[in-house]
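First chain written, first letter: the chains are A, B, C, D and E, and each begins at residue 1.
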């Protein structure tokens, strides 16, 4: 049972090498790896639910010396979400790229991205996190630049520079930690760390580096062009997973390891930035001309919501209210991951079918692809946070935490953000009703539409109604 | 070499380092900053040697100054005369000569910004050094260093750095090889190989004829010596890549890379592939991933290092080539 | 797996599942769609019958599902919810028959019936909701399900109407959502308990409770079309007739009113609301809406717009009934929920018939329509008379109880004049239509008359539903005293609410 | 606390912050990449300074391994960045 | 005694390095600068290494130093030739 952890990293890496060696069988290898890793992630989720935190010492060395892979409730949930999104996007990509010469280049980088995601979510060592961050950054940039046109290359280059700067700042923080506490292992660190100049400066450096890579409000300039110009399955994974992985690191640092070091004033900074991100992102999404830019700015806004939790979690004393709020944060992150990837896949279908994705003249294609428009509607519901979706529970707990912590400002921000989200979602959905001819059967391109539909349906109905296990699992970790 | 001489050397070295860094960063022309960067790399090698980090000095000389310098020089060679500013890209309009920030509007705002940024950076530096010194002064028991030397016996190698790299933190190195692979795959996806260089004259050919074999021999030596003295896969791989770069500069058509596409794929993938294979066989034997049995640890590490050397050399050469090799019989690889 | 815990869920699913299947149905498969629709409706009617019988005999039906720690989805069948469920189930069955006939050859029918069933399931879910969270969940689901129905035709006006509808309802939804979470953070999970639970809260919460009440009533007021928030209702008349019939007579508008009843009676408790001084405020707004709706209806030439404004004023009767402190007034308010639904749906059906068969949209075009379509106009007259409050149609029962209740509660000095003037205004805008329809000579040619092969004046599917609902309206009025009548059921509810 | 520590530590911090300043300030893409590399070397210098235990004691091998990995990662990132710039200039020249 | 000889050797080596650098700064054009650099520095390095070898009195260490000197000799002369050839080709076809 214990080997699931290492197989989650080893399998994608092995199959990445295999697809590079045998390009002809690439699709078969990728789909089988995707299914195997998803089963593996499910097994891990079950193991964490029953046996609690799973620890795996690589090379058999004790935690201080060697590197430990550690899976608790939070990382297991994110791993499962990543597996679902990547499985659906792989099936979608196999149809999306079927006549594209770049196909041979796409699969190895895709699997390396998956390997780095799993490695990052499982890693229990600070320097190892730096290496996984670099691997994640490089593979994401390589995939984003597959778009080929000037805009895509320019955006990919800016994304690379921002990524490298972020990783370098993170490394500087890691260096200070090693200087101060002589250890790189997260578990020992959380026991040893104490408030002091080392902890503050290291945390500040690492956080600025990670916020650069997570595109929180003032540092988000690189995200819209990068996610807007990348191929559809890539921008789905970028928005849903890559940005989420760096957010997971910020969560791990702020709420788990450095939780004593963080002061209320310090915690209010991500809160204020998050609020600004919600308002700015939603406003820009409302004014975006292209669907992909709309989705990218919506990612900026949704990340803002996630950061709103930080001041609240810091203010709430440890207890039922805080656990509920933590569960709300995680379910909001999971729902956004699934919904946003479903949305990007659907936008990819529209762009492929009509050659462009400008919202104004969307009427024809939106009505000829009812299943795609339905997928956009479902993920739109999840982005706004309307009832059947997991985001409804997430926002419920966010508001409840704001009320019990007595911080009223966030309530106003959330209300405005929700209304803006509804505005930009239904601006797109308005085009779904018109007098265009209606196909006999709603699903037109099965291989591409079903993944988008399943992802957004999972976000809207799956997490909305069956969200309770998220809270039980979180008792295992933080 | 008593303390005062050492202090004198240190001060000289630090001054050299800081002035070179400042010159590199504030050079207006890209060519100038590349050359200064290479000089900075070489002086840095001295600094590592002074701080008793021979492995890192070797790596810095071979990869940091050497190959990064070669890549930068190759990039600068195709660099258009005027500075390739990012403003020109994202605004799309042809910026005026950005050579020396001549236009007043930029100057005014840039001076103000420059000053605030410089002050901010200096303040940040002093905050960092204050935190660093406090960290170093507090008696942080370097338990990790002791546990490395304690476990060195059954790690299969006597050089502590190689032991950490390939045994204790082997997982890091595996992911690092994956980073290298990602970089080369990204480069393949981006572009074709650059046009070659003119065939070399007699003198350069003479130099190449003896230098390349010497480099290959040295690479083998570095690989072998890595077990008990400074050296190892990365330095060996970089030296091998240097041989390839020199062959390329001499305009040779065959620079040691296999012609056929599948073989090239194999040598690119063999580094991380073999590493993973060894790890998984350990798993098959019921031991934790990458936990070598003490008896065979030395051989396994050497095996992994050879594969890694080949992969690193191939990756760095292909990076210098600038993209997918254009083979004679089939176009793309 | 005892049956009682799953029955409420089956009631909701009996229309939701056929709806979801219909989404993915082939556009051409009419027969399968009709079978699905009718079987869903009949099954629901059967299940509701069982529940009514059970609740009458104090039987508990409850489905619980934990969404998150402290948050539970509860479907609980009590007397008030059963009343609303019966109303919506019966009228949904009738409207489905009408819709099948009405949308005979129009496109997008799979989509239409899919959303139509989801909308009804949301209404039923909302009715059966056992706590505030479930209510809000189905309340927002209702908004989502009705938007595509309003925008069904795809014409620019339809899209504009749908956009306005969405703007109002989503803003209302957000306010209600925020109020609920706020209340939840103060008083924990709020179940609907007859007589309300908030009166035990400590006194210094009262200012917060007032603000929460304001937030929630505004949120619900949007759907209940209270005056400043009613703008969307006339705009939403661009929707096809069955949509405006079911939505604006039964589902959406009543959801708002039902929500207000739940909040005032089962969350705050009517005495506690009065104690907080909020009841009279609500009553004043209701009175203003009644008058405003009737006055606006006078000036509307478009028949459906006139009926829309009449709905605006009629729904506020329910709100007015709630604010009258006393069992009689409450009975009047609650029973009007059913009566208004039955009468208004008849009017919308007949309006739809006129539009579909003769192409009549304006009141001015209705000269002598009585000779051409006697049966439909008869149903229209019954509905209109009921609205004015002339016996034997059901309208007079609720107005009678409202007046009696206000006398008993001593609020007659302002409630009576409102009732009288609004009844006069109703007469003012309905009677001229009747006179024009029956006694005027028909114009030479109807705007766009369809030649229908049916033996009667229009398709059977379009003719029978209004007649059935007209008969129901009369029955509700005539047999008000019989044990299973809406009035009897409303008094049962009120007895339990006031704990008599 | 050795004199070498604060001497090289300070120079490492200064190089890092110079690099950071140059990355933010410079507008030539190539020089930004060089600045990133210089910033990296600054951080590596801090790491090696931490490992230094005086002229005669053996230094702590772990930071050395970290810096080795860091150098290789930096060179691969630089290689990708340079190819991306080259492809970008080609793409811009013909559109 | 050996130390004195070694010190003088190293000192003279450094002087040659100094001349090379001054030559680099003062001399007018590329070709003369190339002369200064390659000739003076190589000789300086040779003397320096000889002094060092004497100072250490270890044969293996001395052999390594000679190897270093040979490598630097080959590399600097080849690169000087290449720079000169390149600039001559630039001068002729301009």
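Descriptive notes on the structure:
Heads up, the rule we're going with is that a contact is a pair of C-beta atoms (placed from the backbone, for glycine too) under 8 Å apart; a residue touches a chain by one contact, two chains touch by 3 or more.
All values derive from a computational prediction rather than experimental measurement.
Among the remaining chains, those touching chain B as well as chain C are A. Of all chains, C has its CA centroid at the greatest distance from the CA centroid of chain B. No other pair of chains has as many C-beta pairs in contact as B-D. Using the mean of the Cα atoms as each chain's centre, the chain most removed from chain E is C.
Among the chains present, the centre nearest to the common Cα mean is that of A. Centroids built from CA atoms put chain E at 99 Å from chain C. Distance between chain A and chain B, defined via averaged C-alpha coordinates, is recorded as 31 Å. Chain C and chain D have CA centres that are 70 Å apart.
The distance from the centre of chain A to the centre of chain C, with each centre set as the mean of the Cα atoms, comes to 43 Å.
Counting partner chains per residue, chain B shows two or more touched chains at residues 86, 89, 128, 132, 135-136, 142, 144, 148, 169, 172, 176, 179, 182-183, 186, 190. Counting only residues that touch two or more partner chains, chain D has 16, 19-20, 29, 32-33, 46, 50, 62, 69, 73, 76-77, 80, 84-85, 87-88, 92. Taken residue by residue, chain C touches two or more other chains at no position, since every residue touches fewer.
Every pair of chains that touch is listed here: A-B, A-C, A-D, B-D, B-E. In the complex of the two chains, the chain C residues touching chain A come out as 23-24, 26-28, 65-71, 73, 107-108, 110-111, 133, 136-138, 140-141, 143-144, 147-148, 151-155, 158-159, 162-163, 166, 170-171, 173-175, 177-178, 181-182, 184-186. Residue ranges on chain A touching chain B, taken from their complex, read 3, 6, 10, 13-14, 16-17, 20-21, 56-62, 64-67, 101-102, 105, 108-109, 112, 115-116, 119, 127-128, 131-132, 134-135, 138-139, 141-142, 145-146, 154, 157-158, 172, 176, 179-184, 196-198, 200-202.
Looking at the complex, you find that chain E touches chain B at residues 71, 74-75, 78, 81-82, 85.
Here chain D touches chain B in the complex through residues 1, 3-11, 13-22, 24-35, 37-38, 41-42, 44-46, 48-53, 55, 58-62, 64-65, 67-69, 71-80, 82-90, 92, going by the rule given at the top. Contact residues of chain A toward chain D in the complex are 127, 131, 134, 137-138, 141-142, 145, 149-150, 153-154, 156-157, 160-161, 164-165, 168-169, 171-172, 175, 178-179, 184.
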